[in-house]
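Structures are listed in the sections that come next.
Both of the next two complexes hold subunit A, though its partner changes from subunit B to subunit C.
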Partner chain A sequence: MALILVDGKEIAVKQGETVLQACMREGIEIPYFCYHPSLSIVGQCRMCLVKVEGAPKLLTACTTTVPELPREKKLDGRYDMKVSVACDEAREAQRGIMEFLLANHPLDCPVCDQAGECRLQEYSYDYGAPRSEFVFEKLHAPKRVVLGPHIIYDAERCIKCTRCVRFCQEITKTSELSLVERGADTIVGTFEGGSLDNPYSVCTADLCPVGALTYREFRFRERVWFLQAHNSVCPECSRNCSVRVDSYKGEVLRIVPRYNPSVNGYYMCDHGRLITERMRGLETRELPSLIRDGKPSPMNEKDFYARLVALFSEKKYRPGDVAVILSGRMSLEEMAAYKRLSKELFGAVIGDVLLRSGESDDLLVRDEKRPNLEGARKLGLPVSGKDEAVSSLIGGKKALLIIREDPVGEAPQEERERLDTAIGSVETVVVMDDHLTATAARAHYFVPLAGWFEMEGTTVNFKGQLQKTTRCVAPPEGRKPFHDVTAEFLKAAGKEAPSGFREWFEEVKKEIPVLGLVKAGEIPLKGIPLPERKEKHG
Partner chain B sequence: MAGELKVLTANLGMKGTTEIDAVMRRGAYEALIKAMTRMTPDQVLGEVKAANLKGRGGAGFPAGLKWSFLPKGKDKTRYLVCNADESEPGTFKDRLLIENDPHKVLEGIIIAGYATQSAGCFIYIRGEMPQGARVLQRAVNQAYDRHFLGKNILGSGLDFDIWVARGAGAYICGEETALMNSLEGKRGEPRIKPPFPAGYGVYGKPSNINNVETYANVPAIIEKGADWYNSIGSADTPGTRLFGVCGHVKNPGLFELPSTVTLRELIYGHAGGILGDRKLKAVIPGGSSVPVLRADQIDVTMDSAGLKAVGSMPGSGGVIVMNDSVCMVRALHNLMRFYAHESCGQCTPCREGTHWLELLSGAIERGEGREGDADKILSLSKNIMGRTICPLGDAAAMPAESFVRQFREEFEFHIREKRCLPETMRMTTIYSA
Partner chain C sequence: MSRDIRELLADKEFQRKMEKLAGLYPEERSALLAALHLCESETGCCGEEFQEYIAGKLGIPRASVKGVVTFYEMFHEKPRGKYLVQVCRTLPCMLAGAEILLDHICGKLGIRPGGTTKDGKFTLVTVECLACCDRGPSLMINDTLYTGITPEGFDKVIKELD
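Showing the complex of A and B:
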C-alpha cells in the first residue's frame, strides 16, 4: 500500500493500482476517455495527463502505478508520489487534448444521440477552451457506416479511444473491429466483408464515450434527457443482468446494463437488451376476457372473478383433476401468491414450473431461459425436467391453469399437435399472461397480467442473488401482477389476502427466513446473496 | 580537417563485399570467433559496456547497458531485434551498410546474441529496401552455411537464428515497440511503456532492440578493445559515427567520422561546401526530427554535448543542409506533411496535432496565414511535445517549434506579405546561383 498526495489530499494506492483508479475510488476527478475498468489500459486518449513531482514530463494517470519508496526516500517523509490534476500544467494539457479532439469533431450535438450523456460534451464544458482556433475545413470521414446488424458508426464523431475495439478483442474475443488507416484518417472498421455481429455487440455503443457508435433500435428515438431511468433486472435468462430501463411517456425505449459485480459486471447480451423490440406490437387486452373460438370478449373485472370463483366452487376440482403450469417469469411474490391460491382452490400446492433451456455462453448468457427458476426452487415449487413434454402434464386433466407461459407458441411442430389435442379435451382452461399468446387463443378464460417492466417484484438468479425489479412503465388499469390477481380472486371468494408488492414480499420472507430483516423498500441495488440450497438440482 | 576514419565503412566501395568469402579474407567474423572461443558472454558484455557504445538509432542510449537489462537465466527465451526500418528523412546510413557490408551487421548481431545468450534475432528491414532485404537474406544464408548461425555456433553452445522480416511502408514501425507489433503481424502502433522490451518484447519475450549501425560497431569493439574504441571520438559518443549529408552540398554522401568533427567541417570540408556557392541558411543535424540550426550555429562538434549547446541533438546522423534558396515555411510544410502522413493515429496529440500543423504550415505557405499563426505553431508544438505515447509526436513538434523559433521573421513575413522571401521565391532554382 503506497500513499500519494493528490492536490493536497492523501490517497492510499493499492499494489498494482494506477493513479487514475485510486483517484476514481476516492472521488477525485481525472478526465479520461479510453480507460475502462474492464478493458486493457492503452493510454491513448492522453486526457488523463497529470503532473507527477519529479517526472520530466506529464504522465497519464491511467498508466501510472505507484512503487512504494523506502522510508528514507519518501517525499515529505510520508508520500510515495505527489500528483497534481489541477495545477496549471495539467490543466493546460487537458485543454490541449480537448482542443485536438474537437478540431475535427463535427460538433453536431443537436442531432447526436449521445448529447446529454457525452464525455466529450462534458469535458468540453469542464476542461475545454471557450472557442476553437481550428480555422480549417474539418476532415470528412464516413458516416452512417453499418458495422453490424445493430451498430451504426460515425467516423467523424469518433475519438479513436478503441474501447469498442478492445471490447471485441478482450471481452467477446471475436475481434471484429480494428483501427484502419492512420494518422488523422484513422477510423474504426471491420475487416473486409466482416461485420460486428456478436451476441454482445450493442455493448460497444454503451462503451463509446461519444456518439460514434449508436444502435439502430435506439438511435434518433428520443433525446436522452427526457428519459426516465428505472432499475430493473433482465428477464431473459437465469443470469438476471442488472439493467437500467429508460422510458419515456410510458414506453420502454432503451435498456442498458447496470454495473453489478456479483451478477453481470458491466455488460449484458443483445438478446436481453432488445427484449422490448420483440415485445413491441404484441396483442394484449386491458381486461379479463372470456374466449370463444379463439376470440376474446372483455368482461368487467368484478363479474369475471365472481364467475371464476363460482365455476371452481361448483366444479370442486380435486388436485388430481387439475394441471397448473407456472413460469420462471413469475416474481417471488407471484409465486408466493400462487401457493396461497392453490391451497385455497385445491387444498394443496400443485403445479410445475416449466424449465425452459437453450444456448449458453461462457460470458453471461445462461442455459436456463427464465429469470426466476432459482426463486421457484427456493419457494419449493417443482421445476419440471428438461425433456418433459408439456402435453404429458395436461393429459387426462379436467382443468388447466397456465401462468406466464406459452407452451403452444413455443412447442415444436409435433408437440404442438399433441398439445392442441390435450388442451382441446380439457374442460376449463385459464391462461394468464402479459399478452395474447397462442396458448391464450385456446383458453376459455384469459387474464391479462402486467409485463416484466410494468410491475415490482423480486427474483433470484442462478447464483442465488435476489434482486428487485421496479415498475418502469405503468400498465393499463386492468393488467395486474399475478399476486394482485390472486388478491382479486380471493376477495371474490370472500377471503382475506395481502395486497400489493410489499405485503406479498412479507409472504415471501416467511418462506425464505434469511430475508427476515430486509424491508421491501430497502433491497440494495446490487441485490442480496441468498445462501445456497442444500440439495443440488440436476 | 580530420580525414575519414573507416571502421564501419572499411568495406564500402570494395567489390564483392556482400559475399562471405570476400569479406572473410578481409577479416570478417574474426571478432565473432574471438568472442565465442576466447571470451565468456559476460566478458563480451563487459567490453561493450566499457566501450560506452551509444545507440545509433537516434536516442543514443548506451547499448551495453541495454543488453544488461535482459533477464538472465537459461530457461527464458530472449530475442534480439535489429532495427533496419531506416525511414527518417535525410538518413541513409543503415541502407548503405546493409547493401554493401551485410556481414558486418550480422557479425555484430551474433556477438550480441552470444553476449546476451539470446535465441535469435529478427532483422526488421524497411519495406522500401527490397535490395537490402535480398542482400541480407543471402548473407544470412551464407552465415548458416559457415555455421556462424544455427545450432551450437563455433562450439560455444549457443543456438542462434536470424530471421529477416520486411516492413510494409510505415515510418512509425521504426519505433521499437511499433516495430515489434508489426513483426507480430499486428497494426504498427507503439505500445505503452512500461513494460519495456527488455521485459516484454517480441511475442511477449524479453527482447533487446538496436539499430543496424549500433550492431555494426560491435565487431571492432571486440576485435580492438574498449580502450581503442574510447580513444576515438568524444567522451559522450565514442567511436566513429556515420553522417549522411544531403541537401544543398556539392558532395553529398556518407562520411564516417569521429563525433568530434564540427558541423562546419562536415558541411564545408567533407561535403564540399554549399551547392551553387550560395549562403548556408539552415541545417538539420540529425535527421528531420531534431531541431533545426541556423547558419551561425554550425561551429559545434557533432556529439550530443556539442549539439545540445545549440539546442539540437545528434539523432540519426542525417545532416540536411539548406541554402538560402529554401523557403523555411515551405520546408516546414514539407516536413509536417510527412509526420501527419506517418502518425499512426492512436494517440490524440500526435494524430490531431500533426494534421493541424500540416494544415497550418500549408496555409502560411500558400499566403493564407493569419496573424498569430506563428504563435499557434508554437502552442500546438507545446501541446504535442512530451504528451504522446511514442517519440513521433516529439519528432514532429521539435522541427515545428524550432523552425518558427529560429526563423520567426521569415514566418512573419510570409503571414504579412502572403509570399516567400524574395530570394526563396519558387521560381529560383535551387541548383544554381
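Showing the complex of A and C:
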C-alpha cells in the first residue's frame, strides 16, 4: 500500500494499481479515452497526462503505478508520490491533446450518433481550447465503412485509442481488427475481405469513446438525449445480462449492457441487443380474443374471463386431463400467480416449464435460452427434459394451456406435424403470449400478455442472481402481465387475488424465504444473490 | 526481385529459411519483420497471400500482420515497379525543394505518388524522413540514396537505369 497526494488529497494506492485507477476510485477526475478497466493498458491516447513531482515530464496516469519508497525517501516524510491533475502544465497538455485530436476531426456532431454521449464532446467542453489554431485543410479518411454486419466505421472521427482492437484481441479473442497504415493515415481495418463479425461485435460501439464505431441498427434512429433509460435484464438466455433499455415514444430503440460484476461485467451479446429488431412488427392483439379458423375476434375482458371460468367449471377437467406448458420467460411473480391459478382451476399445481436450449460460449452466452428457468426451479415448478417432445406432453389431453411459449413456431420440421395433430385433437386450447404466435393460430382462446419490456418482474439467473426488470414501455391497456391476468380469472371466479407486481412479489417471498426482508421497490440494481438450491434426493 | 509468391511459398529452400527464422527468437512472432523482409526482397511485395501464410505460420492474427505491413514504408501490399522511387516528404526536405522535385518526377514519369508506370519500371512513393535532413531534398531509388538532388539530377540518374 502506497500513499499519494493528488492536488492536496491523500489517496492510498494498492499494489499494482495505477494513478488513474486510484483517482477514479476516489472521485478525482482525470480525462481519458483509451483506458478501460476490462482491457489491457496501452497509454495510447495521452489524454490522462498528469504532473508527477520529480518526473522530468508529464506522465500518463493510466500507466503510472506507485512504487513504495523507503521511509527516509518519502516525500514530505509521508508520500510515495505527489501528483497534480489540475496544475497549469497538466491542463495545458490536456488542451493540447484535445487540439491534436480535433485537428483532423470532422466536427460533424450535428449528424453524429454519438453526440450527447461522446467523450470528445464532453472533454472539449471541460478541457478543450476555445478555438483551434489549426488553420489548414483537414485530412480526409474513409467514412461509412461497413466493418461488420452491425458496425459502421468512420475513420475521420476515430481517435485511434485501440479499444475496439483490444476488445477483439483480448475479450472475444477473434482479432478481426488492427490499426493499419501509419501516422495521420492510420485507420482501423480488417484483413482484406475480413469482417468484424463475432457474437459480441456491437460491444465495440459501446467501447468506442467517440462516434467512429456506430451500431448499424440504431444509426440515425434518434438523438440520444431524447431517449428514456430503464433498467432491465436480457431475456434471451439464463445469463440474464443486466441491460439498460433506451426507449422513445413508447418504442424500445436500443439495448445496451449495464455494468454488473455479478452477472455480465461490461458486456452483452449481439443476439440480446437484436431483440429490438426481432420485436418490430410482431402481430398482437390488445384484447383477449376467441379464435375461429386461426382468426382472432376480440372480446371485452370481463365477458371473456367469465366465459373461460364458466367453461372450466362446467367441464370439470381433472388434473390428468389438462396439459399446461409454462415458460422460463415468465417472471417469478407470474409463476407464483400461475401456481395459485392452477390450484384454483385444477385443484393441483400441474404443468411443465419448457426447457429450451441452444449454443453457449465461455464468455456470457448460456445454453438455456430462457431467463427464468432457475426461478421456476426455485419455485418448485417442474422443468421439462432437454429432448422432451412437446407433443408427448399434449397427447391424449382434453385441455391445453400454453403460456409464453410457441412450441409450433419453434418445432423442428419433423416434430411439427405430430404437434399439429396433437394440438388439433385437444378440446380446449388457450394460448397466452405477447404476440400472435403460430401456436396461437391453432388455439381457441388467445390472451394477449405484456411483453418482457412492458412489465415489472423478477428473474433468477443460472447462478442464482435475482434481478428486477422494470416497465420500459407501456403496453396497450388490455395487455397485461400474466399475474394480472390471473387476478382477472380469480375475480371472475369470485375469488380474492393479489394485484400488481408488488403484491405478487410478496407471494414470491413466501416461497423464497431469504427474500423475507426485501421490499419490491428496493431490489438493488445489481440484484440479490440467492443461496444455492438444495437438490431434493429420493 | 520479382518471383511469383506461389512459387516462393512452394520453394523448399524458402521454407527452410522460414523455419530457421522462426526458431531464432524466443517467441516465434518476433520473426515477423524478418519474414516480411525476406518476402519483400524475393517478390517485391508482401501481399495478402503472404500475409495470410505468415500469420498462420507464426500464430499472429492476419489483421495484425496487415497492420505491420502497412505501418512500415519498406513493405508493400501491391507489387511495385522494378525501381522504387521514394521521395522524402518530411519538413526539412520540403523546405529544401522536395515539393518541386516531386512535381517534376510526377510529370517526368507520368504517375502520381503511389502509382506505377505502365511499363512496370518505376513506382513512385513519398516516405517519411530518410535521415538526411541536412542535405535535402533526398530520395532513394531502391537501396541507393541520393541527396541534394535537383530535377535535372533526377533525370540524369534515371537515364542510366535500364
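List of remarks:
Here, the second predicted complex is superposed on the first by the 535 of 538 C-alpha atoms of A that agree within 3 Å, B and C clash if a C-alpha of one lies under 4 Å from a C-alpha of the other, contacts with A are read in each partner's own complex, and residues count from 1 in each chain.
Just so we're on the same page, a contact is a pair of C-beta atoms (placed from the backbone, for glycine too) under 8 Å apart; a residue touches a chain by one contact, two chains touch by 3 or more.
Since the model is a prediction, treat every value here as computed from it, not as a measurement.
Annotation: superposed three-chain arrangement on subunit A; subunit B versus subunit C shows a clash. After overlaying the two complexes on the shared chain, residue contacts for A:Ala93 are found with subunit B alone; subunit C is out of touch.
Using the contact criterion defined above for the overlaid structures, shared-chain residue A:Asn104 touches subunit B, although it does not reach subunit C. The partner of subunit A that touches more of its residues, comparing subunit B with subunit C, is B. Judged by the touch definition given at the top, the superposed model places A:Thr63 against subunit B, while subunit C stays out of reach. In the superposition on chain A, A:Gly183 contacts both subunit B and subunit C.
When the two structures are aligned on the shared chain, A:Phe136 is found in touch with subunit B, with no touch to subunit C. By the document's definition of touching, of the two partners only subunit C reaches A:Ser175; subunit B does not.
Contacts of A:Phe191 after superposition on the shared chain: subunit C is touched, whereas subunit B is not. Once chain A of one complex is fitted onto chain A of the other, the partner contacts of A:Met47 are limited to subunit B, with no touch recorded for subunit C.
Of the two partner chains placed by superposition, only subunit B is touched by A:Lys160; subunit C is not. Remark: of the candidate stretches 181-189, 235-243 or 271-279 in subunit B, the one overlapping subunit C after superposition on chain A is 181-189. Looking at subunit A, you'll find residues 178-179, 181-183 touch subunit B in one structure and subunit C in the other.
Residues of subunit B touching subunit A in their complex: 170, 172, 187, 189, 192, 340-349, 351-356, 359-360, 363, 370, 376, 382-383, 386-389. Remark: subunit C residues 48, 51-52, 61-67, 70-73, 128 touch subunit A in the complex.
Taken in their complex, subunit A has these residues touching subunit C: 169, 175-183, 189-192, 194.
Contact residues of subunit A toward subunit B in the complex are 41-47, 49, 56-58, 60, 63, 93, 96-97, 99-101, 103-104, 133-136, 139, 159-160, 162, 178-179, 181-186.
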